[in-house]
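Each of the next two complexes has chain A plus one other chain: chain B in the first, chain C in the second.
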Partner chain A sequence: MGLLPHLVNGFALGLLFALIALGFMLILGLMEQINLAHGSLFALGAYFAYAIATPRLPLPPDMLQVWAAVPLGWRFTAAMLLAPVLVAPFGVVLERLMRRTYGRDPLYGLLLTFGVAMVIEELIRIVWGTRDYTLPVPRGISGGFMMLDLIWSTYRFWAAGFAIIAMAIVWLVIERTRFGALVKAGAHDSEIVQALGHDLERLRVWVFVLGTMMAAVAGVILAPVWGIRPHMGVDAVIPAFVIIVLGGVGSFWGAVLGGILVGMVVGLSGAYASEWSMLSMYLLLILVVTFRSRGLFGKKSVLEA
Partner chain B sequence: MTKSRITRRGALKTSLMTAALAGTASFFGPWQKNRVWAQGKKPIKLGLTCDASGQYGNSGQDDLRGMRLAIDEFNAKGGVLGRKVEWITADTETNPATGTRVAERFIAQEQCGFLIGALHSGVANAITQVANKYGTIYMNTNSSAPSEAGENCSRVKFVWDGNGTNFSKAAVANAVQKIGKKWLLLTNDYVWGHTTAAATKLEVEKAGGQIVDNLLVPQNTRDFTAYLLKVQQIKPDVIAMAIGGDDIKALRQQIAELKLEDKAAWINNQQDWPDIWGVPETLFGVFGTNWYHKLALPGVPEFVKRWQTTYPQSPIPVPGNVSYNGYMATRELLRVIEQTGSTNNIALIKALEGRKMGAVDRMQNYDAYIDPVTHQIQQTIYLAKRNPKPVDNTDLFEVLSWTTPEAALDTASFTTCKLKPFADVPTYEQ
Partner chain C sequence: MQAGKPVPTLTPAMIAIWLALATVPLWIEHVGLYQYLGVEILIFATYAMAYNLVLGHSGLPSFGHGAFFGLGAYGFGLAQLNLVADLWFCLGAAVVVASAGGAIVAAFISHRRGIYYSLLTIAFGQVFWFIAIKSHAITGGEDGLLKIARLPVRLGVATIDLTGNVSLFYFVLAVFVAVTLLLWRLVHSPFGRILKAIKQNETRARFVGYDVWRYKAAVLVLSAGLSGLAGGLFAMAQASAFPDVMSLHYSGYIVMMTLVGGGLVTFWGPVLGALVFLLARDVIGAFTTGWMLWFGLLFVALVMYKPEGLGGLFLRTPRKPVPPLAVASAPAE
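After this line comes the complex of A and B, so read on.
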């Protein structure tokens, strides 16, 4: 049975996993806070995108009719751009709540974000109900195409391409901007950064907002593939956590490589040992941390204290 | 003449031995079987074990709607035996461990006399173990693994849904003859999937077909691309799926996106209505069910109306097979309590065993009965496909056939199910 299609599939899936892990990596890597609400913010992004694209916005009927007449391509683009912006305030609130946990046992932050995740999930149930939704995809990027004598999903490849662009933007922000340099310096030595006159609190808020928006972006991109349901966040936060530990806490390239490796093992095991496909990412994690306890590119973290 | 003298040491020994014997007796003595709750006008309390989260979260809540409707109808008539029917529910999370905890709490702490519910067969089996320990009657409403009325059957449990074997018997032989002999199985990797796949394999081979592969799908799989590539590489004539809950919704979406529904014949052993309503636009293939809200049978429109009046805000606008099973199981239990005039579990089990239920009463095409050997409800099995001419947005099925309970009978369960004798069932009254 041809191996190549499954390698291609694994790579594409890996890019999507890396996209999911990106926001989680930002907050964990730059602030050393484990944000278990990442999955719920991911879900919230998907729901906001659905509200904008379908459209089910709380607008007067006339305005809603006008918006509904706009081609789906534009509505989908608007959903991709606006949903993360709408989710961002949740990140601001979450960061505000987390301030009391800074410098304390990581368990406090863990418990707080776990509680917030449950609150957001319940909010979703109250607002949108328990039923499932489908985020429609513009015709140009939906359907299938032939490659290697097989039918492939066009959208999935488009999503993988978008994941590459999103990763490039995040890398540029962290590595090539003054903001990125300050944040990294703050994570390394917060006292010096504050002594130099920088507002560390504000920097932290921005990191959280960026991480939250990345979670929402991943939610929008994955929604047409996974479907939208209140507990969809759980499906995102667990792989994200595995990928970050696998790649090494705080490492951008670790998250990218971790995502691709997880995608490859999940894709290949799905094809050749399907009953192991969910378990395979955990086996990979065990294998890696057995030989490299801080993951592939991990550095010493305050979480180890 | 010997002198007997009570010493301090002797008295201590005697008391310790007495205490030890009494303790042992309380575990092993004949009276361990009896729990008698206060009688009188105390409400009859039901524990509704319904998922609210996990793979079957949506279905669990639809199950609950059916149960609550039956309870409301009895309470509106003044209750059962002049006693109000009360209920409590808790999220079993589509998780067997949670199912065990909830069942234990409902019986031991909340003093529920009866348990009703379950979608996931692992959860149903976990609840059964607890119910067995206390002798508590348990109505398994919606989990349809053949093992539920087979090797995991129980004297205290009654299984209300059609099972994987019933649906396979209704669908497979015809499909092998008319579509093709090369079959691929796509199977959810837990007890329902496994036992249903085994039943399908048996029927396919009996009809002269061949199983080319069985791809196991772990629960909560969201990306099915690897499976769909494999399906295309294998090129089977028929793909028989035993996948449920959120997994089947995600899979259907991905199949529909690639337009693979026309590349082979897809047969889904059973499609629960909440799973269909979740993504109705991706419904394809042939699938089984034991009820549909637009069956042209007496009583169906009235039932649908009552259900809709009770749940005007329901996320699912009409009752489906899951809600129907929840309703029927609860209604029949309460009826039997009323007719027996007792809440004694042994009396009720005896009344339920072999109980006949008319087709009109159950809103199905054929009469049904509770099998006394396996405790499964033997009933009409329907095969359906997507309706090309719906009369409204809920009219998603075109019913293709209805099979008699006898033709769909799971005969294998007669040998695998071993109900324990009544003498071994702890007795109680609520």
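After this line comes the complex of A and C, so read on.
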């Protein structure tokens, strides 16, 4: 019973981890590119949301005043919807840069995105400085509530709910639309898809845009929980790749399950040794991958070559 | 490097590079730089050479090498503070601790390839980094392990003091010479040939009858040990050891240095890379605070247009436009 709050919080955290991991997985699974800049796009989403919600926008002062008078609930909603749209162009540029690495060893894609991650992180430092920011949460979903004689953070539950909605949308796009079918087919056999007359280049751009927007959405949702700082990108991308390897490259449900597993393990180990809780996910990863080399649901992919 | 042709132990290029490096303390201050930068460049050059044994010579994309460098730094510091304050003993401790770390990692990942290898090395790198940060009692946590002395070199007949940056530079240069000589011999030995075979086609190497994972494990341990040696030198140069060098960023920087210099195609590439990286840090950093922005952009451009690195510029006939790190089976566009 004493562990229940840790389990529940771990589960909620796991859903958020899964959300971060899904955007990463989308690009990895469908395009076989490791996007180390995923974390930086995640951070950009959080910073843009901060700029929209607080509001600190480069607008004429009177317009800004009108916007600042709008209730926080609307500004928060606008941030959650607009920030990903604003981050999306970064994904388009990134895809353009990565084109030259297609067909080469995947390591080059990884290195290129490492460079891009450095650039974005430095840009964030230049624009916003190194201080921490907090994204204000509307009154209705902030604070805490009592349940079973314990205090729970309301926003964490909302965040988990947002994460479920975002993941459901991605699942629908990948599994239930023509676009998703084409992209999956393209990952499986690009030549045939092109021979059938589909523009694979355009498809790839859209995959990147989708992955980028996922990163940004995750950044907005997590900003009130983790705070906003230049380093948040790295803090996010590492659990994401742990989850992907754990769940298996290219598997949607593997990423979700991996995320929840990591969240629960971090939550549970936090109950016993809070200082060391983040270590547990690496140990979980090493344990699982030692026995199942492709993770829980992984398929054979070009990345092993 | 062609088969059948014996490779001399000493080459003119090697001696020229050593001699050129030996003159650095004479002029470095006259060009507006400082003596310590030379020490730093040599340490990172040693580290990058050790790292390239894995990346360039064996095609194993380790992304967590910072852990071994850091283990060496802590090994040096802890041996000095808790055991015996003797230079040779402490450097030995640095190598042993880092090799042990390498052996643990190697035991888990030597059956993996490609990106999975990278991802697991990242995971292990993070484990070591995390432990270093959280073990306050042993490593000092984020405050670092301080008060590491620059121990004198005891040679039996004479003792050389290393507290000055110039004398430290020459000591580090001696280590660098030894390490490069060792690596040169190793890369051109039968063992090095097998590494090359594994780099070109691991499956084929296995079918020819080599126990591939033993070689992959051995080369990682060796590279970890030498990286640890560089880490030990760094702890001495900085007079302290910090967990930063074990972070993902620093592990990424060493990959960058090696790649920028052309470690994939030339033996000396990593030295050039370390030089360019640290010079860029100081020179670009002198003009702007965001030097990482500019260096990151340069790096991105390099990966896009010149993936074999700057060292590739000096090669008259590059055999292949893009050096494959493993079996290049990725589908073409």
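Simple rule for what comes next: the second predicted complex is superposed on the first by the 302 of 305 C-alpha atoms of A that agree within 3 Å, B and C clash if a C-alpha of one lies under 4 Å from a C-alpha of the other, contacts with A are read in each partner's own complex, and residues count from 1 in each chain.
One rule holds in what follows: a residue touches a chain if its C-beta (ideal position, glycine included) is under 8 Å from a C-beta of that chain, and two chains touch if they have at least 3 such contacts.
This structure is a prediction, so every number in the text was calculated from the model and none was measured.
Overlaying the two complexes via chain A brings chain B and chain C into a clash. Applying the stated contact rule after C-alpha superposition, one finds that A:M278 touches each of chain B and chain C.
With both structures placed on the common chain, the touch criterion links A:D105 to chain C but leaves chain B unconnected.
By the touch criterion defined above, A:T290 lies against chain C but remains apart from chain B after alignment on the C-alpha atoms of chain A.
Once chain A of one complex is fitted onto chain A of the other, the partner contacts of A:D235 are limited to chain B, with no touch recorded for chain C.
Of the two partner chains placed by the overlay, neither chain B nor chain C lies in contact with A:R178. In the superposition on chain A, A:R202 makes contact with neither chain B nor chain C. Judged by the touch definition given at the top, the superposed model places A:E32 against chain C, while chain B stays out of reach.
Overlap of the chain B and chain C interfaces on chain A: residues 275, 278-279. Remark: chain B residues 53-54, 57-58, 61, 189, 215-223, 225-227, 229-230, 232-233, 246, 249-250, 253-254, 257-260, 263, 277-279, 281-282, 315-316 touch chain A in the complex.
Per the touch definition, chain C reaches chain A in the complex via residues 61, 63, 108, 111-116, 118-120, 122-124, 126-127, 130-131, 134, 248-249, 252, 255-256, 259, 289-290, 292-293, 295-297, 299-300, 303-305, 307, 322, 324-333. Put simply, chain A touches chain C in their complex at residues 32, 34, 97, 100-108, 110-112, 114-119, 121-123, 125-126, 190-191, 200, 234, 238, 241-242, 245, 275-276, 278-279, 282-283, 285-286, 289-290, 293, 302-305. Listing the residues of chain A that touch chain B in their complex gives 1-2, 5-6, 9-10, 12-13, 16, 129-132, 134, 142-144, 150-153, 155-156, 225-227, 229-231, 235, 266-268, 270-271, 274-275, 277-279.
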